[in-house]
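In what follows, chain A forms one complex with chain B and a second complex with chain C.
Moving on to the complex of A and B:
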């Protein structure tokens, strides 16, 4: 295998890509565009979530809380209901997605700072409950987060105000300080999540999506050999002395380069547009993204060699990457819920490891030590994929 | 240069559970420096044969040796000395003439100063010098064929395999193409060219006639013409269809072939032209022109093809 041959193929393949507007679109900005579109689509409703109030307390504090909830961008208080039955009706008719139930005694509770000292519980439990419609996990997650944050801020502010008043009235500063300490304890509000108990946030969606859309180059490459066959250029190509591995490697290089450019772009989009934290090592992330892209390209190349019709090859690779990618990758459903056999199969899918690596590095800051198993799987898929592709690829036309 | 022993290729048609033998028991030797023409109608097995010689199609029967290498065992060994021009345009339509040539240079390790010089010479040679920046698919059919030829000559191959290089090319371009081939042949390359055209076959050192997967005749054009077992008379008459029917029924006539405004009548050796004129007149056919002509390749081939079609086994065995 000569470097010049690999390079000749790579350059020619690059020209094929940049001279086809559809390829430029799909491979150049397709992944980033898909990431933005899908993420926005899933996070689109997270403004003005219709909220109804069931106020069983009627205190001025309850009224103040309602006002504060309505003031957030995320929530929009659309009305109040007399009882829980009416609240359920609203949920079922999709007129409300969130119900805030302010139980009797809530107002008094926010003023009763002495109760803080008497509770030896781990958390303060206010007379406040929420019911959320979980059919759309992303907006549900965001709505409930906003509701909880606001009510926690409200309660803390109320209690701090009372403590401030007492301090001004000459109370023992040490006792007030101890009570303030108690306020640090998280507030434990009951949240009843209807319809979908497993909420996933946009933060975990974006990294998973990056892994899924990064299969686009892998899908595109599944047509490269078939296309040469369809166009009739395959016959001339295989009659040349180019080593078959050089053909495969050369064809993969431009796709690999585009995948890496997309990784960098998507990293920026994730951080800037969606504010997803990145906690891992950037260098390791880029290296692993390269490995991941190579593994998907290896699988795509296998399809390209096995299926002689370019449309069929594209469909096969889409079936392999996109649907299981979306469903089994743990993007929407955690992999743990699948039966064992399905899990074994999902291990073969590079997407699953890609999602795990992306999530881990973005959100948990995991590194080699935690991810070695998925890295090993990707390595096996990449190396074996190309090895098998090389073995199955024949420089013959029939 | 080429040594074929009982070479054959069978294709399995998976859907219909039958197999088709595209090339049958082909035994042939081609010497270095020959200009060899492979002639035959569509589906005769010419392309299959050339593909096996190029090492891109594995034979199912027999042996094929090219430049001393068994192409079934070691197809890669011959590829650097080989220039193969497929029947279809085999270059990249979205690449320019220059880019296609540069790609072939890289593939065949043509580097340095040599590279630009050879590209320039070949494009001038094929008349493509003015179109270097044009994309392959924007070239006319004839220019595409010339570009394919230029591309497969970039490494000065010792063996050229050309699969119907002039099909779909206008007559002027065809003539130019053959001038190029003749020059190459004069420079010492071995050239094997398949063609459906008899005038092209005339220009070869040796010609092989393929039909239905069989190599039926293989010799120099002159020798092939002598194989025709009879004399040829050209006949012009008012109603050629009627004349053909009459002639076919006449004793001593072995074949009647129609060529536009005249018939070629192949008769037993030593037939008397005056007697034929009388017999025709007796049937009410007045010959405008009737005279003996030297046999052409076309008449010979059609004669053998018809004989094969009537009795395949006997014809193939002979």
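Moving on to the complex of A and C:
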């Protein structure tokens, strides 16, 4: 395998790519465009969940609760309904995702501080309930948490105010203190979210997405040999005195160059447009991105050689890169909690390691010490992929 | 006319048949991927690891740790807890946290997602009625498991505090109280806590199973992307190989070529959809609550809309490779606007408006509506109207484009 040979093939492939302006455009800045569009759309935190109210109570307290629910970021009160049938209808038409039902007696109950001393669990049952559309579990959970927290805070505040009023009116301070004790949270908790203090979705999405869209060159290379076969230029390639591994390597180099250009562009976009912090070492990041791109190219190349037909090669690489990229990569659903069998299955997906490396280097400032395992995985995929591709690639005309 | 269409369809069927690898990959690849995705995302987030630092070392703090460990969501990671404590002593808190949270090997050794620190004086403060402050640090780099763990921990800490206080008061009032008596107190407190929460009814996906959200998404993709791909590639290949000209000199009209090529693409896409629908129902227990017949009819109509896009791609692309890249980018955008991972309702208003131009957005609403909500035409008609409008626009655009590029070639 001579460097001159590799270079010659790389140049030929490069000319192939740049003489096709549409491909240059799609491969050159396609990933960056995707990053911007998808991040902008998907990084929305769950907010403004459409909520309708069924107020059977009509007290001023009920009105105050509705106002307080509407004031949250997560919920957005869009209207009220006369009965539960109408609420169901709203859910079915997706005009509402959450229904808050304020039952008769809610207002009176929030003033009834004496019930706090009761030992009967039923006395604590608030005259309030919720119905949630569970179709999308992630946003449903967020909406439920917001609704429950907010109503609990409201009831506690109301009761405290009533206690204050009674104290001012001359009630027995000892009894008031005992009742107030019931309202107090026994243990306070404070939470700090390290690496992403405000849990901004965009901070965790953008680094992961960079890894996912960087599989585009890998998908594209999967048709590269098949194309030569369909076009008949494969014979010319076979006739050259170039070693087969040199052909494969040469073909990968232009794609590699495009991938690195993309990495640099996306890094800038992530920092400048989306304000995601970058805490790791830049040099290491570029090196690891190169390794990651090489691993995806190796897999793409393997498909290209295994499958002689370009549609089938393409479909295989889509099954391997595109769908898992979205759902199995850890971008939205954490890989840690997958069943063990599926976790083992993800070992062969470079995108899983890519997401970990990107998130680690952007948000956590990790280095070689923490990432060695993922680097090893990528190295194995890259080297093995190329080696097997080289072994299966026959310079022979079938 | 029909016989000419069928002739072309037959020709392309033969093409596909000779390309059996694609068929096998298309059908079984999609099916096995659906299984993988359903299993992966449907798993409950149980046994998330936590590290605990106990500055109090009292009976109460140890009891709290045990309570947390016994919840379904949380598991105590003893090694990580000890090494974190040691790292804090030898270095800074920051590096110790990094060592705790930043891990690469999440397949065999997923680290803790939450650190809980119990302050010194926890027991005395709690029993004296001054709420002690427990500090938690979550791994925000991976926020979904971290917030799940945090939620579970907060709930359990609250219950533990209330129970401990109640038991303390009960012991003060009646020093001779038995262990069984204390147990009853604990039970009463738990009942009270449960009762004081407003009840929540979850509709349509009662268990909040994530697989019920992700697998329909995957099914929708399988249906559309295989159809687009086959349509685009059949045409792009003819153009690349030059056999397109042969098609042109044949005594068939452009519309007939398109229709003939549409049939095999639809057949494969539809077969795939049926298989995936079956798997969803049998393996993941996703019901078809609405009318199956309506679903099947609408699926076919939806395919017609997407086919137009497939041919359109083939019109723009000169080679298969270009077609591939364009499909890739389209797929990314479609995934975004289908509400795959993030509901469209949470997106910025501009994006929400834009999403209406993508057929898959309407198809996802129809699919989820019929599968989970048992809704029919009376609710779904706006989506169907959108699909009709988009279908007419896309398909007439494609046909116009096709005619134009034909006259260019002639």
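Here, the second predicted complex is superposed on the first by the 240 of 398 C-alpha atoms of A that agree within 3 Å, B and C clash if a C-alpha of one lies under 4 Å from a C-alpha of the other, contacts with A are read in each partner's own complex, and residues count from 1 in each chain.
The criterion applied here is as follows: a contact is a pair of C-beta atoms (placed from the backbone, for glycine too) under 8 Å apart; a residue touches a chain by one contact, two chains touch by 3 or more.
Just so you know, these numbers come straight off a predicted model, no measurement behind them.
Chemist: So, A:27: does it touch chain B (first), chain C (second), both, or neither?
Modeler: Second partner only.
Chemist: Once chain A of both complexes is superposed, is A:231 in touch with chain B (first), chain C (second), both, or neither?
Modeler: both
Chemist: Tell me which partner A:258 touches in the superposition: chain B (first), chain C (second), both or neither.
Modeler: neither
Chemist: Figure out whether A:395 sits in contact with chain B (first) or chain C (second), or with both, or with neither.
Modeler: Once the two structures are laid over each other on A, A:395 reaches chain B alone.
Chemist: Tell me which partner A:19 touches in the superposition: chain B (first), chain C (second), both or neither.
Modeler: In the superposed model, A:19 contacts chain B only, not chain C.
Chemist: Check whether A:87 is in contact with chain B, with chain C, with both or with neither, and answer first, second, both or neither.
Modeler: neither
Chemist: A:62 in the overlay: touching chain B, chain C, both, or neither? Say first, second, both or neither.
Modeler: neither
Chemist: Between chain B and chain C, whom does A:204 touch in the aligned arrangement: first, second, both, or neither?
Modeler: A:204: touches chain C, not chain B.
Chemist: Tell me which of chain B and chain C touches more residues of chain A.
Modeler: Per-residue touch count on chain A favours C.
Chemist: Would you sort A:54 into first (chain B), second (chain C), both or neither based on which partner it touches?
Modeler: neither
Chemist: Of the residues on chain A, which ones does chain B touch that chain C also touches?
Modeler: Overlap of chain B and chain C footprints on chain A: residues 20, 231.
Chemist: In the complex, go through chain A and note every residue touching chain C.
Modeler: Touch list, chain A to chain C: 20, 22-23, 26-27, 30, 33-34, 37-38, 40-50, 91-94, 97, 119, 121-122, 124-126, 128-141, 144-145, 147-148, 151-152, 181, 184-197, 199, 201, 204, 213, 216, 219-220, 223, 227, 230-231, 307, 309-312, 314-316, 318-319, 322-324, 326-328, 330-339, 341-347, 353, 356-357, 359-360, 363-366, 370-375.
Chemist: Within the complex, which stretch of chain A touches chain B?
Modeler: Its residues touching chain B are 2, 4-5, 7-8, 11-12, 15-16, 19-20, 231-233, 235-242, 395-398.
Chemist: Along chain C, where are the residues that touch chain A in the complex?
Modeler: 19, 21-22, 25-26, 29-30, 33, 36-37, 39-41, 43-46, 48, 97-98, 101-107, 110, 113, 126, 129, 131-147, 150-151, 153-154, 157-158, 160-162, 164-165, 188, 191-192, 194-210, 212-214, 218, 221, 225-226, 229-230, 233, 237, 240-241, 316-322, 324-326, 328-329, 331-333, 335-337, 339-343, 345-348, 351, 365, 368-369, 372-373, 375, 379
Chemist: Could you list, by residue number, the parts of chain B that touch chain A in their complex?
Modeler: Residues of chain B touching chain A: 11, 51, 54-58, 75-76, 79-80, 82, 84-86, 88-95, 99, 103-104, 106-109, 111, 148, 151-152.
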